[in-house]
Amino acid sequence: MTTLITKTVSKACVPIIILFSVSLLFAGHDLPGGGFIGGVMFASAISLLYVAFGLKYIDSIYSYQWDKWFGAGLLLASLTGFGAMLFGYNFLRSLYMLVSLPLLGDVKLLSTTLFDIGVYLVVIGSLLYVFKGTGEDE
Amino acid sequence: MDLFTAITLAVFLPFIMAGILPAAEKVLKNRIGWYATATAFLSLLLVALAVPSVVNGENVQGSVAWLPSLGIEMSFYGDGLSIMFGLIVSGIGILIMAYSNEYMSKREDLSRYYRQLLMFMGSMLGMVFSSNIIQLFIFWELTSITSFMLIGYWRNRPMSVYGATKSLLITASGGIFMLAGFLVLNIITGTFDIATVLQNESMIETIKGHEFFLFALVLILIGAAAKSAQGPFYIWLPNAMEAPTPVSAFLHSATMVKAGIYLVARIHPIFSGTDAWFILVSGLGIITMLAAGFLAFRQTDIKGILAYSTISQLAYMMAMYGYTTYQYPGIGVAAATFHLLNHATFKACLFLVAGIVAHETATRDITKMGGLRKDMPVTFIIGSIAALAMAGVPPLNGFLSKEMFYESSLEMGHLLGGPLEYLIPAAAVLGGVFTFAYSIRFIDGIFLGKRRSEHLPKHMHEPSLIMLVPPAFLAVLVILIGLFPSVAVHYIIEPAAAGILLQEVHLHVSLWHGFTTALMMTIITFIAGIALYTKYDTIAAWQDRMNARYPWFSINYAYDRIVNGAPGKSAAFAAVMQPGPVKPYLVALLLLFLVLGAIPAMLVATTLVPADLNFNVPPYEGILLGLIVLAALGTAILRKYLHAVIAVSAVGYLISLVFIYLQAPDLAMTQILVETLFTIIFLLVILKIPQTFRENLTRSVLARDLLISSAVGITVLVLLLNATQGIASPFESISYYFIENSVPLARGHNMVNVILVDFRGYDTLGEIVVLCLAGLGVYNLIKSRSDSK
Amino acid sequence: MDTMQQVPMILIALPIIFAAITVLFRSKSGLQKALNIGVFAILFVMSLSLLFHVWNNGILVYEVGEWGKYGILLVADLLGAGMVVLSSLISLMAMIYATDYMDRKALDATFFPLFNLMAAGLNGIFLTGDIFNMFVFFEVLVLSSCGLIVLTGRGDHTKMADKLEAIFKYLILNMVSIILMLVAIASLYATVGTLNMADIAVKIAYLAETGTLPWHIHVIAMMLIVVFGYKAALFPLHFWLADVHPSAPAPIHAMLSGMVIKVGVYGILRVHYLIFQESMFMLQPVLILLSLVTIAVGATSAVGQYDLKRLLAYSSVSQIGYVLLGVGMGTAYALTAAMVYLVNHAIAKSMLFLATGETLYHAGTKDIRKMGGFVQSAPFLSVIFLIGAMSIAGLPPTGGFFAKLVLFDAGLGAEYYIPIGIALVFAIFTLFYLFRTWLSIFWGEVKEHDKEDTYKSRNPTIAIKISLALLACVVIFLGVYPEPLIVLSSTIAEQLLDPQPYIAAVLERSVR
Amino acid sequence: MNNTLLSVCIALLFAIGTFMILRRDMIKVVIGITVLSHATNLLIVSTGAFLGGRAPIITSDDAGSPSGIIFTDDLASGILAPVIPEGTEMVFVDPLVQALTLTAIVISLAITAFLLILCYRIYQEHGTTDVSEIRRLKG
């Protein structure tokens, strides 16, 4: 599978896919998408890299500890839940704020976005962790 | 101090003292036995406080709140019967603990020994004073457990372990039945309190007329018989002789084995006066009496002889308590109670003597003994007195109660009439003859005759005073009760009998009461006993021969077969039940699902399939669904992993198309992405697993699996067709809330995402936890490889 | 007061957060030991305070995200809060024990996060008021137990191949049962349009009252029996248990046998008694029949085992049969009995398993035939094991006695004479195999004399002794004064039979 | 309302999946589990309470006035929410079942991935993929 074409194609595609996955993450609240879909897409992109270049090569450039990703994601998601408690609300109550920023105009800030980012990180981390585990073990 | 407190204290004092015994041992070291003796003495005093009031017919009664929700109180009841038992338990307890000071070597684990003895004593006292049957049962089982511990005192000796196991299995299993009996009794009466039942005549009448009467009686008697080594349950007692001898004297002759007798006496007012009571209790007693008396012949272990004699003596009491007719419910009660007291004195004494003998000769085999009278004359005298009392020789106490036994047997036979008029007294005499023979054997074999010095140590002498005084004291009691029975009868026996018969009892017991039939029977007993004793060895040899020839004709054989054979049988059963591969387990699960699903379909279903089936779908959807089924069939038919995996991912991709058709864009995207990733992982895995195995589908396996899977399919179809009939009116789906509120409250336009992160964000939290777990689990799986090498 | 309201959520969220933290900061096991014991102690105290709160102030309902019944509710009624107390107690003890028992490698790797998530899964199941959420937490529980089974401890003589095989069976069967659960939940939603259990209950009750209850609701009830029966190891769904439980390291074994199989019982108590009251006439005979077979099969299989952990696993099968017998009989008293039995079995069995782990470490083998005479070298374990065995066998003065007493009393009172008769007979089996085992391990002669020196060096550490001794104290306490437990259980039983307060507490809330 | 053809398709998937999990080859068993999961996902979506014509994404056209639906229960007066006023039409498909399905997909993905690695490890330890040979734990 590690032909030159796949390598080139994936080099070109992966950044685009990652960008797309991030946009899916943030657009998810209003359009199809969301943390989960974005995460799976990100994971697919990286797995494409793994398949194209081989695990060893990627690891030699940068060895990602994907378990930290899902740990962080889980922490982020659950702390978002706790965040509401600090404001005197129940766990996971969503908070909403409309902020006017220069250049961007009115931006709606939602605590659920943070939660969704947590989901995103967990999905990426755990899927890639599993993926790497499968591929690595000889 | 009021008497209730005294009795409560008497029960709990031994437990408390046992609890702080390890601390006391640090101070007292080897003299810890006197600490235990003092405890027993205190308990005796506390129990004795109640004697005057009970003699006057005033019973001690009281309770403390304990488990109100079950209707169980911690209640103690001291009537004549329990006071008598209390005196026996704590009184013999003093002697035993004192005796143990010398008997138990200083190297032994004295702390454990006395702790368990004290706990046993407390349990026994608790048992006899309990008014509540559940409380009684708790103490009852505690005596079983402490007995088990004490039998197995020498924990590394195989025979001790064997004996301990046997006693626990039999007595505790009996206990379980007894508990059931108590519960049945509770169903009938609605109370757990015996005193309440005893004081309520109409309740007793209800019990006797109730349809569960026989159930309750049989269940309780099983427990009592197991504890008192009666009937087929006797087998544990001979093996219990592995315990240290003071323990045997205390538990397995004088007190614990009498717990069953106590229970029979306790429930006597409730159940007696019925044919069932007579047949079961007396029948059991008489058969056990004869069998155990006869079997004692081939025993060569001096404690074994005593064990069998204990069984047969307990059976006397059993038989006497069973003597009952409708008009005269308690014919043998006084006699039995008196014999109970007497037996405690002479049998404990005999065991202590046996302990001395074994201690001095370093053997328990009677065939190696003989002629010890010269070396230990005092022991000889004490032992002879006790053995003669057991044989029923005047003027000792055993004579008096045996006379009463004969009298009550005669009376019972007379009341029944028919052949039983002669059979019952004859059986009683035969039991007496056996008793006479083995009692003489005990004296003759150990003390009389020629000394067989080749087996015995050179220097044998009387033991120290500490070991001699307790049996001597008991021997004196044996004589005193025999000569002046009225004291014991007035203060102990009459109140005890009154406690059983629930009315005042006046007895006239004296050594000489005229030339009665009973006396005739006693004389016959002596003559026949002497005659039998001349044939003693012949009979013993015959028994040995028969035992060797027909080993299966014994209850011990059955017990060993069951206990040793059970594991093998069970392992064979488990091997069949639990064959190993996952497939039968899956089949079991699916079959249970099918069977359970079929039950409502057969019982309550009106129409299995709803009428309005809707096949009206656009053709492209039909084609799509057809393709899905085709791809799924491919997974089943395609043999190669790679092909099957491609087929299954085709199913996945096609389903994502269905999702698009069903207006679920999020799902469709997820499905495509997940399917991609999943297929890659799947391919990576199967690349590493060469496909070597190929299943040969036999026709029968294929047919069976097809049957099961089509049944599953049909069940799901029927369920689904019924379930998709729409929400049952008048209800509506909660989805309206999400549709209505996702913009105004959750500020999101994609409802599915809003549900995932907001309305049901908590589910998503759980879901990402599952993802993390998969990651962590896979890590462990991969790492486990290095562990296994 | 306000903080009290948050406790149900914290009981679930705290271990999850902690799991995340321990994933991020792995490989500092020394610090992690202390921290985790601290967290589990906090959880235990909080669960107790929750139980007291519920006892005094009635059912506590917590809206996650504040969406009323449209979101997910946590409902802490007495049953849920009681189960949480039980699971917190056992997981605290197992955690204390595990810090010294588990291999260093396991502690450094994933033990702590997995164990935290297991605790979160248990609490999540016991507190949730939403049936789909229950499914999610079932999966949390299953996957965390699978991950934990692979880890090793010092008395763990199971080969890795066996562990993997056990997990495979467990997961495959679990997937099938969980698929059944999803089918059942989806069908339920399609029929009543809601996922909240109280909401479902009141709607089904309404349909039954008006005579328009669709018959497939009964099928759903039956399917859920399969699902929960699988969790509880009800015959013929019990096969995995004897393979899976013995493969786990001792603290996990204790959690699995002590708490995780109780989840199935909880499921039946919660879901069937709340929602499927109408199907009870069909369910009860089925449950009684199956639980009797479970008792018989478990007890009969246990007698012949020489692998200590496997023997006790079969014993768990048989004991769970007793619990389900009480559940099946279904009177208030029988449900009380089931609860009392459940609690006693949970505590005594987990203690027994913890003691077993240490015994196996002491012996260096798992074959009972090679053990003997350990009372000399391990007197402490001997006492603990004996107390556990007595409790399971139902001998006083341990909690197990009252459990059996109440169960038999309830059964006879409800006129189930033959089932109780059968249960009685198999109680003798229990007595037999447990005491035979105890005797052959601790009494008798030392079988492997060449190992006597190693025996001396392999003794329980302080942490292990503390956890075992505390559990033993609880067992004895329950045997001497079970009144609080019985009162609590009977109140729970009343609440189960009359779900109105539960429904009212959940539904009577205004929605934003 | 109902879609019988879809139901039949789901039932067939269930039957095929069941047949597959009864096979002796471990990998085939996992494939069977996957088929069953697919079938279940499809089943959950198909049990959606109502079938409007549109995906559950609100566009700016939809913003409308409150519809008068009662969402608060009142047990005393017998109101079991939600109560829908007459004539309310639903243009969307049921979003809840989709969310549930998404959760179910993710969970079954996680477990199946774990199961796959497990199979690989079992193959390493036992050297076979025949489930009837993987029977060291028995009796």
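A few notes on this one:
Read from first to last, the chains carry the letters A, B, C and D; within each, the first residue is number 1.
Note that in this section contacts are C-beta pairs under 8 Å (C-beta built on N, C-alpha and C of every residue); 3 or more make two chains touch, one makes a residue touch a chain.
Small disclaimer: the values here were computed from a predicted structure and weren't measured.
Comparing per-chain C-alpha centres with the mean over every protein C-alpha atom, the closest match is chain C. Note on interfaces B-C and A-B: more C-beta pairs are in contact across B-C. If each chain is reduced to the centroid of its CA atoms, chain B and chain C end up 26 Å from each other. If each chain is reduced to the centroid of its CA atoms, chain A and chain B end up 62 Å from each other.
Inter-chain spacing, taken between the CA centroids of chain B and chain D, is 51 Å. Centroids of chain A and chain D (each the mean of its C-alpha atoms) stand 24 Å apart. Shown for chain B are the residues that touch two or more other chains, namely 571, 574, 578, 582, 586, 590, 665-666, 670, 674, 677, 681, 685, 716, 720, 723-727, 731-735, 737-738, 749-750, 752, 756, 758, 760-765, 767, 769-774, 776-779, 781-782, 784-785, 788. Residue positions 30-32, 36, 67, 70-71, 74, 78, 81, 91-92, 94, 123, 126-127, 130, 133-134, 137 of chain A each touch two or more of the other chains.
Within chain D, contacts with two or more other chains are made by residues 21, 29, 43, 47-49, 55, 57, 71, 80, 96, 102-103, 106-107, 110-111, 113-114, 116-121, 125, 134-137.
The part of chain A that touches chain B in the complex is made up of residues 28-37, 40-41, 43-44, 47, 51, 66-67, 70-71, 73-74, 77-78, 81, 91-92, 94, 96, 108, 110, 112, 115-116, 118-119, 122-123, 125-127, 129-131, 133-137. By the touch criterion stated above, chain B contacts chain D in their complex at residues 571, 574-575, 578-583, 586-587, 590, 612-615, 617, 621-622, 625, 628-629, 632-633, 635-636, 641, 644-645, 648, 651-652, 655, 658-659, 662-667, 670-671, 674, 677-678, 681-682, 685-686, 688-689, 691-695, 705-706, 708-710, 712-714, 716-717, 720-721, 723-727, 731-740, 742-743, 749-752, 755-756, 760, 763-764, 767, 770-771, 773-774, 777-778, 781-782, 784-785, 788.
Of all residues in chain C, only 68-70, 132, 136, 139, 142-143, 146, 159-162, 164-169, 171-172, 175-176, 179, 182-183, 186-187, 189-190, 193, 195, 199, 202-203, 206, 242-243, 247, 503-504, 507-511 touch chain D in the complex they form. Residues 66-70, 134, 137-138, 141-142, 144-145, 152, 155-156, 158, 160-161, 164-165, 168-169, 172-173, 176-177, 179-180, 183-184, 186-187, 563, 566-574, 577-578, 582, 584-586, 588-593, 596-597, 599-601, 603-606, 715-716, 718-720, 722-729, 731-735, 737-738, 745, 758-763, 765-767, 769-770, 772-774, 776-777, 779-781, 783-785, 787-788 of chain B are the ones that touch chain C when the two sit in their complex.
Interface residues of chain A, counted against chain C in their complex, comprise 67-68, 70-72, 74-75, 78-79, 81-82, 85, 89-94.
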